[in-house]
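In the two assemblies presented below, chain A is common to both, partnered first by chain B and then by chain C.
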Partner chain A sequence: MKLLLAPSLVVVGVFAAALMALLRYSLVEFIPGSLQTGGLTADNFRAVLARQYLGAVWDTLLLSAATTLCTLVASYPVAYALARTRSSRVRSALLVLTLAPFFSGAIVRTYAWVLVLGNTLVTWPVPLLFTERGVLIGLVHFSMPTMILLLAAALSHIDPVYERAASSLGAPPARVFRRVTLPLSMPGVVSGSVLVFAWTLSAFATPELLGGGKVKMIANVVRDLALDSFNWPGGAAFAVVALAVTLTILAAAGRLTSGRTT
Partner chain B sequence: MPARMLVLIFMAVLATASAAHAQDALVVSVWGGNWKDTVERVIGKAFTAKTGTPVEFEVGGTIDRLAKARVAKGNPLVDLNFTTTHVARLYISDGLYAPLDMSKIPNAKEIAREAIRSEYHLGSWSYVYTIAYRPDLVKEEITRWSDLWKPSLKGKIAMPDFDPSHIITIAALMEGGNELTWQKGQDKLKQLKPSIAAFFSTDAQSQDLMKTGQAPVQVMLSVNAYHLQDQGIQVKLVQPRDFPGIVGIDTMAVMAGTKKAEAAHQFINLALSKEIQTELVKALKAGPVNSGAVVPPALKGQPGIFLTPAEWKERGYIMNDEARAKTLPAWREWFTANIVK
Partner chain C sequence: MTLPTLVVIGVSFNPTAMLSFPPAGLSLRWYANVVTYPQFQRAAVNSLLVTAVAAALAMPIGTAAALSLARGRLRARSAWATLLLSPLVVPGVAAGLGFLILAASLGLLRSRVVLVMAHVALVLPFVVRSVWVSVESLDPALERAAASLGAPPSRVFWRVTLPLLRPGLLTALLFAVIVSLNEFVVSLFISNRVTEILPVAMFTYVVNYTDPTIAALSTLFIAGTFVAVWMADRFLGLGAVFLHHR
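Then we have the complex of A and B:
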């Protein structure tokens, strides 16, 4: 048994070593104009706790929350149709449409959004490209396939007999959904939401391309610090702060929802 | 069975041959795309024809390659490196470059003084960051840096955010300062904020923004503007009347610890020759560093093309490399806080 665990422990060890390297780098002094680093210091953390960096963390959290909510609302009807349709053709068509984005690369899809959100094909009443609205649309599109599949899996496990029973007792469709279907699909809702929220926190390509440099999420700021300012200790410190914030939020979300889904 | 044996032997021979090839080859680190293609076609082939030494390339972004070089310090994966002159300062500060033996680079005597960046790195070609715009989308003629501040250009301008040093320096120059007293231009630059439609972090993004018309006015690399013109896109490159464009110089250097220092010096020497410089100008539409290079008439006098000492001085502003490398983190921090957000 211990032998079987060995490969996993090696993988975990490598990941832990990478994280330790990140932590170590965050604690060494940055010397502008040089790749050499100085001695141990906490200055990098003081620097990244400045308003503009914390603002990026806040913006990321807001965008991630909005993405999760919008993805959930947009995905639920599709997942419901996928789980409940009796027509195998409709199910296949929905499945193909849901999975299609997986087969085109994230960068290609995002570039397509640049054309759609810009005023090249359509003239939008409000600016979308290079705004947070545009980034939100891109992130929701990116997240929907996964959310749909998780919700559809949860919905397909609900025995329709419960909904029929509620209807036969006089509950209107909206009430059946609110009191029966939605509560029973909560495991899918929670797992999909946590997954979408977590990966949106580390989104990079979508804000980079659709944000036009104006929308900075955590990963973009880490890249800017490390690669554009040559401030690798600063980038490492910001990544550590962001990781701590993310883990705290996910732990809190896990606590809040653990009682509801079991 | 014999067939399988034959395949194995064939693969072993191939692997040995390719390892031997890699061992003999001069490995050059350069940006991808058109940069690598041009260096390979213009310098690499001529070098192999002259010396018999094959040339292999490692391609990547400026900082990716710097990170790799740092990891391989002392036992470099490449023998010769191309990078921008201020990033070269980071290589030098970390001991990643070897001092050049100028006796092995006789062609260096023919190059412009501005291209001799240090005892470690020499310029290979020049360009400018200046104003480029689409006259089909911007009706008003742009002739000066100060035109960027006109209200009619609101929401139409893009500029690099990975390196805002160009516009920061221009704003400082407009207010009587320079890159060392850049704070003088801060208020001026803040006034430009409503005009900025987007920021770009790669050449590809810059070109896409121009092609699609999302940002028809840009603080743009001259080479990229010429490239768009070659694709048939109407892009006008401005030689600003009030202040010059900001000069960029890409440089070559020999990696510290390379076992092919001799070949690397030969490569640099060849790259600086009049003949190769003439071909580089044609291919990249960048300025030659060897003033003896033949420049196509259409390019003479254009932004980024400097042929005489007077042109280098009058038509381009060369920033202090060291100050730029040291101050860039502070510039970026201020720029992100005050202009981007």
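Then we have the complex of A and C:
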């Protein structure tokens, strides 16, 4: 039985080798105009905090926080409907509508927003395409399926008896929600928010297409450095930072919700 | 949630090269463009190739791992599970650049091998999870019954265990194919004009041209995904996978 794990460990081993290669490159010197690298150095990490990139780091954190909050608010009603509807037809329809964007790729989903935000039919009150607001909209839409699924899973664990008990004792609906439903769904809220925040931190396609080169997040800086300037060590340092922050957040959240998996 | 999708579908039937919505008429010229654009043809072949090989590798590897995780007497079972599912949480650019550096150091920059390896690693968590859930809900009494009636272990596996796992295996295959076909960030780093898969070719096209061709191609992708997800829900019951019901 243990032997059956071996092939998958080889796959994970290759993946780990790629990340080790990344880590190694983040610590070597970049020689401009060449893929050859120099000796060991910490300069790549120093560059992450350089003034020219600080904006991207700050934007990434700000956009991730805003995305998490907006996604949570927008997803809760859908998740509630999904978990509580008695009609299997409504549930199926909601599931398919939620999962289809989840499974259509980043490009398809982001391109849709390029068309909506850049359309000629409706004049948006503020410019959206190629602005941070537009990127935020795209990121929220991108994160909603994940959040809806995690919230719905948590909500479907709550026995509706608790809510009925609260309202039969005279609590108005808003109070039932605030004092019963919301606290009981906290595991879903926490795991959904953490996952969305961590994923948004390394979002690439959405800021790349909806930001039009004007909005840069960490992942876009990695691409620019690695694929345009061929500065693999510089890109590697940014990627390692993104990786480290993501893993730290997920580990902290894992401890917080004590072993609940998504 | 669905509004952007409707706009994409509308724009894809535009007769002009403007991205106007509602469309000024009806035309299939952008669909014709999708089918005849050489780079999309090449990328479509690459996509099918990479996805087929990656799924064919990930299915047996993931199923074996799921059986081991569910049935094996493992110490630190959850640690193994976390390890196997970990590629899911690694940022795409980190994995992408890592695989690029790895490919360069192995002299595999022009080959599809690294692309396939990356796809196997990225779809494996989905396969392991789907099959694992399925194994957990399988009643071992059925296998014991077959064995007590004299079936050798290999026969029990092929005639009892695998058929009972079919819903989980189908879900796993569906996940593997959809995730691989849509994978973008990692593939962007480790493919070139010759080996690139469809999402990467679409990205390059969006950056360079503004006509509705991508709307047409997106519509095809969206239609395919909707049909796949709808069928999965119809035949496998997605509610059982994603929601808990008493």
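Keep this in mind: the second predicted complex is superposed on the first by the 224 of 262 C-alpha atoms of A that agree within 3 Å, B and C clash if a C-alpha of one lies under 4 Å from a C-alpha of the other, contacts with A are read in each partner's own complex, and residues count from 1 in each chain.
As a working rule, a contact is a pair of C-beta atoms (placed from the backbone, for glycine too) under 8 Å apart; a residue touches a chain by one contact, two chains touch by 3 or more.
Everything numeric here is computed off the predicted structure, so don't read it as measured data.
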item	value
Touching partner for A:G55 - first (chain B), second (chain C), both, neither	first
Touching partner for A:F204 - first (chain B), second (chain C), both, neither	second
Which of chain B and chain C A:V114 touches, first, second, both or neither	both
Partner touching more residues of chain A, whether chain B or chain C	C
Touched partner set for A:L35, first chain B, second chain C, both or neither	both
Which superposed partner A:L227 touches (first chain B, second chain C, both, neither)	both
Touching partner for A:L129 - first (chain B), second (chain C), both, neither	first
Which superposed partner A:T248 touches (first chain B, second chain C, both, neither)	neither
Touching both chain C and chain B, counted on chain A across the two superposed complexes	35, 114-115, 118-120, 208-209, 227
For the chain A and chain B complex, residues of the former touching the latter	30, 32-36, 51-52, 55, 114-115, 118-120, 129-130, 208-209, 212-214, 216, 224, 227-231, 234
Of all residues in chain C, those that touch chain A in their complex	1-5, 7-8, 11, 18-22, 58, 60-62, 64-65, 67-69, 71-74, 78, 80, 83-84, 86-87, 89-95, 97-102, 104-105, 117-118, 120-121, 124, 128, 178-179, 181-185, 188-189, 199, 202-203, 206-207, 214-215, 218, 221-222, 225-226, 228-230, 233, 238-239, 242-246
Chain A residues within the chain C interface of the complex	1-5, 7-9, 11-12, 14-15, 17-22, 24-25, 35, 78, 82-83, 91-92, 95-101, 103-109, 111-116, 118-121, 141, 144, 149, 152-153, 156-157, 159, 198, 201-202, 204-205, 208-209, 218-219, 222-223, 226-227, 232, 235-236, 238-240, 242-243, 246-247, 250, 259
Chain B to chain A touching residues, read off their complex	61, 63, 66, 70, 89-91, 93-94, 158, 161-163, 197-201, 205, 208-209, 212-214, 322, 325-330, 332-333, 336-337, 340-341
